[in-house]
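Both complexes below contain chain A, partnered by chain B and then by chain C.
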Partner chain A sequence: MSMVYINIFLAFILSLMGMLVYRSHLMSSLLCLEGMMLSLFVMMSVTILNNHLTLASMMPIVLLVFAACEAALGLSLLVMVSNTYGTDHVQNLNLLQC
Partner chain B sequence: MNMFASCMITALILLTLPIIMTSTKLYKDKLYPYYVKTATSYAFMISMIPAMMFIYSGQEMVISNWHWMTIQTMKLSMSFKLDYFSMIFVPVALFVTWSIMEFSMWYMHSDPYINRFFKYLLMFLITMMILVTANNMFQLFIGWEGVGIMSFLLIGWWYGRSDANTAALQAILYNRIGDVGFIMAMAWFLLHLNAWDLQQIFMSANDNLNLPLFGLLLAATGKSAQFGLHPWLPSAMEGPTPVSALLHSSTMVVAGVFLLIRFHPLMEQNPTIQTLTLCLGAVTTLFTAICALTQNDIKKIVAFSTSSQLGLMIVTIGINQPYLAFLHICTHAFFKAMLFMCSGSIIHSLNDEQDIRKMGGLFKALPFTTTSLIIGSLALTGMPFLTGFYSKDLIIETANTSNTNAWALLITLVATSMTAAYSTRILFFALLGQPRFTPIISINENNPYLINSIKRLLLGSVFAGYVISHSITPTTIPQMTMPHHLKMAALTVTILGFILALELNLTMQGLKFNHSSHYFKFSNLLGYYPTIMHRLAPKTSLSMSQKSASMLLDHIWLESVLPKSIAFFQMKSSTLVSNQKGLIKLYFFSFVITMALSLSILNYHV
Partner chain C sequence: MMTYIVFILSIVFVMSFVGFATKPSPIYGGLVLIISGGIGCAIVLNFGGSFLGLMVFLIYLGGMLVVFGYTTAMATEQYPEVWVSNKAVLAAFITGLLSELLTACYILKDDEVEVVLKFNGMGDWVIYDTGDSGFFSEEAMGIAALYSYGTWLVIVTGWSLLTGVLVIMEVTRGN
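And then the complex of A and B:
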């Protein structure tokens, strides 16, 4: 595996760690989700371009569209939380506990 | 070639002159009411010439002078039909209007807009003249709508009062329902007979005419306040007394009856419509007579009396006697207008007091008004050889000797006795006994306008019946021979009504007031008809439309069916199924630990 792939793969792992391990703000998890999507996009584009998989060229675009949708969804949830509590601290998300 | 046509056209144009003068300085003059009254009196005198020519020689005429338009095969022109009905009605109406205008010069003296009032009265008179002299249905409709509009403007004369606005709107709405019938008749005549001219309709009508005649009956119900569309007439008493005297007693409300009389050649052939007319008129006359028995406002009692007499006219048409109905229209105009004018005199004298429970003892205080009130009431009830006798007694006799619906004839007799009863009530409460009002100094009747106008109508009430019925050309032969009890029936029930009412009033004078019985409440609240109809029908339609539009469509189909039901279901099931503690960070961290562990173990696995 060449250095480029390892680099981008490392970026992905880093973003994943960042999303799963966070302290208080929900926003940081969303940001790391975006980072994951970005690194996936780059890895996919480099692979397709290097191996001349022409028919798969549209897949990065599709990935981008879906990433935008999920970003919007995540942001709307964040806005709902922020409307209710004023901040986006994670310890507020405990309504469903029984 | 005589002056028939020119005199008639001159009379009609003379009436429009003060209206044309509105834009000049004359309209702002203090003497404008005098000019209007004089114009009306001159028009009356000029119209007497063709009337007397008609009486002498029976000459009738149709003046058709301006071709307006031709719509494919139908020709519309401005044509005046000067036959028996219009030739006699025009002088009568002009005479009564002349007296009412003179009366309103006294009554509305302190009104700042008196010029406008006279202009409205004159415009009403012109549209009424258009109505009675119309030869085609279109011109009749112009007059018909015109009197409706002027009625609206005049009822709502004191428009600062919300009751007056409501009454004016009520009049328009009820008349409109009748207009639907009129337009239906016009449409039927246009489709089937291709004509709106009366001559052509009468010549070419030979098949089933139920639908247009029913439409005309509906129009008469609306305009002449028959049962079903009657509440606007007592409410119309919100207008000034001259308006009540002119419109709602002698002139406008007879437009519906006049329409049916105009179409009598068609109605002669159709027994169904005749039965409908008879029953409708009988119900009206009885119902309004019952309502008149317990009213306390003097104008409302006279309004119900008008409605009852209109029912009597419709009954007369129903027994196929249009000429008698027309005679009753003409004689009724005199004494009913006079009754209203006397009420106006009393009201003004008592400083705008209209409740008969607060009048009394005016017998000595207002002698002339008392005289005319008594004579008017006697003429109304059909006292022999006064005006009302010549038409009303003939009607009752003809009804008694005809072989139609016995129930309708019976309740007409009952209504006749009630006429005497409520007339006695008016006289008893307003004129006799001790005064029940506070002492005031405004009781007087020494204004010549008041005296002269009532005096003219008084002479009319006494002599007009004799003069008219002995001058007109012979029409349908009245029934000459009948048994004694039928001949005396009208007189007997009238005297019975008088005596009964007088005895009851005298007996109840000193007794304690007890709570109203059911019959009293039925009569006083107009049979609950306005209470039910004015509230129930609009409330039903409005609530139905709100339920279907807002509740059904918006709330249920667009909101509740999918979105809110899904949200509700999800919430309930998630609280049911899950048992979380909401430790998100722990869950994410365990994900990291799991991945790290699995990757490291798999790394050492070959």
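And then the complex of A and C:
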């Protein structure tokens, strides 16, 4: 396995931790989710190109399609939060008080 | 040095991921995500995947991040936070950069690293050879097979995109 995988795994773990640890904006967590999708795309493409898995080349494109779906859904939820509270701060999501 | 170009690009990839994973204001995070998308495209291009690299630029950066950009412009604040304006963000950024540099030095010391699997440095610039594939590019033919062998896949992804649009319209209806 080539050495570039170590860095791509590290990038995925970094965005995963960035998504799980909140600061003030909900939008930052969505951006970290997009980063996870990007690192998964690069990992998948590098594996497929290294091992000549020809028919699996359609898999990164399908991954992009579903990542676009999920990004659009996350953005629509953020827009609704921003419409209700004015900003997209995470501390506004406090209806569940336990 | 050119044999290490993919490794250097992947180090810069991780550093740009540190840049938005430390979460400054989202507009700066989006900017750094655009840069890391470009570097990810360069990594894929170096392994010979020209169509997949251009897909990153066109669909990912040109489609998804543009939407993120104007949604951020809609919900942004008057004084956005940079990496140097908050001590926690700056400390996390410098810690991330330093740990990446230390990891790179440890990897480059000898050409082989064993964590769970055995990683070696040869695979960056030489690819396993499984014989002659003729005059066509395997990756482009594989993607073109999406429409012949993968017809059901196209139907499922198209339907899920349509359903996603309907779900988003219902979510943003409000009241």
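The criterion applied here is as follows: the second predicted complex is superposed on the first by the 94 of 98 C-alpha atoms of A that agree within 3 Å, B and C clash if a C-alpha of one lies under 4 Å from a C-alpha of the other, contacts with A are read in each partner's own complex, and residues count from 1 in each chain.
The working rule: contacts are C-beta pairs under 8 Å (C-beta built on N, C-alpha and C of every residue); 3 or more make two chains touch, one makes a residue touch a chain.
Here the structure is a predicted model, which means the values were calculated and not measured.
Once chain A is used to superpose the two complexes, chain B occupies space next to chain C without a clash.
In the superposition on chain A, contact of A:40 is made with neither chain B nor chain C. Look at A:25: by the touch rule set out above, it reaches chain C but stays clear of chain B. Shared-chain residue A:55: touches chain C; no touch with chain B.
By the touch criterion defined above, A:17 reaches both chain B and chain C. Once the two structures are overlaid, the count of chain A residues touched is higher for C than for its counterpart among chain B and chain C.
In the superposition on chain A, A:72 contacts chain C only, with no contact to chain B.
In the superposed model, A:90 makes contact with chain B only, not with chain C. Minimum C-alpha separation, chain B to chain C, in the superposed model: 8 Å. Chain A residues 17, 23 lie at the interface with chain B in one structure and with chain C in the other. Chain contact summary for the complex, chain B toward chain A: residues 574-575, 578-582, 584-585, 588-589, 591-592, 595. Note for the complex: chain A touches chain C at residues 1-8, 10-11, 14-15, 17-18, 23, 25, 27-28, 30-32, 34-35, 37-39, 41-42, 45-46, 48-58, 60-62, 64-69, 71-73, 75-80, 82-83, 87-88. Across the complex, chain A is touched by residues 6-7, 10-11, 13-14, 17-18, 20-23, 25-26, 29-30, 33, 36-37, 40, 43-44, 47-49, 52-53, 55-56, 59-60, 63-65, 67-68, 71-72, 74-75, 77, 96, 100, 103, 107, 113, 115, 117-124, 127-128, 130, 133, 138-143, 145-146, 149-150, 153, 157, 160-161, 164-165, 167-168, 171-172, 174 of chain C.
Considering their complex, residues 16-17, 19-23, 29, 90, 93-98 of chain A touch chain B.
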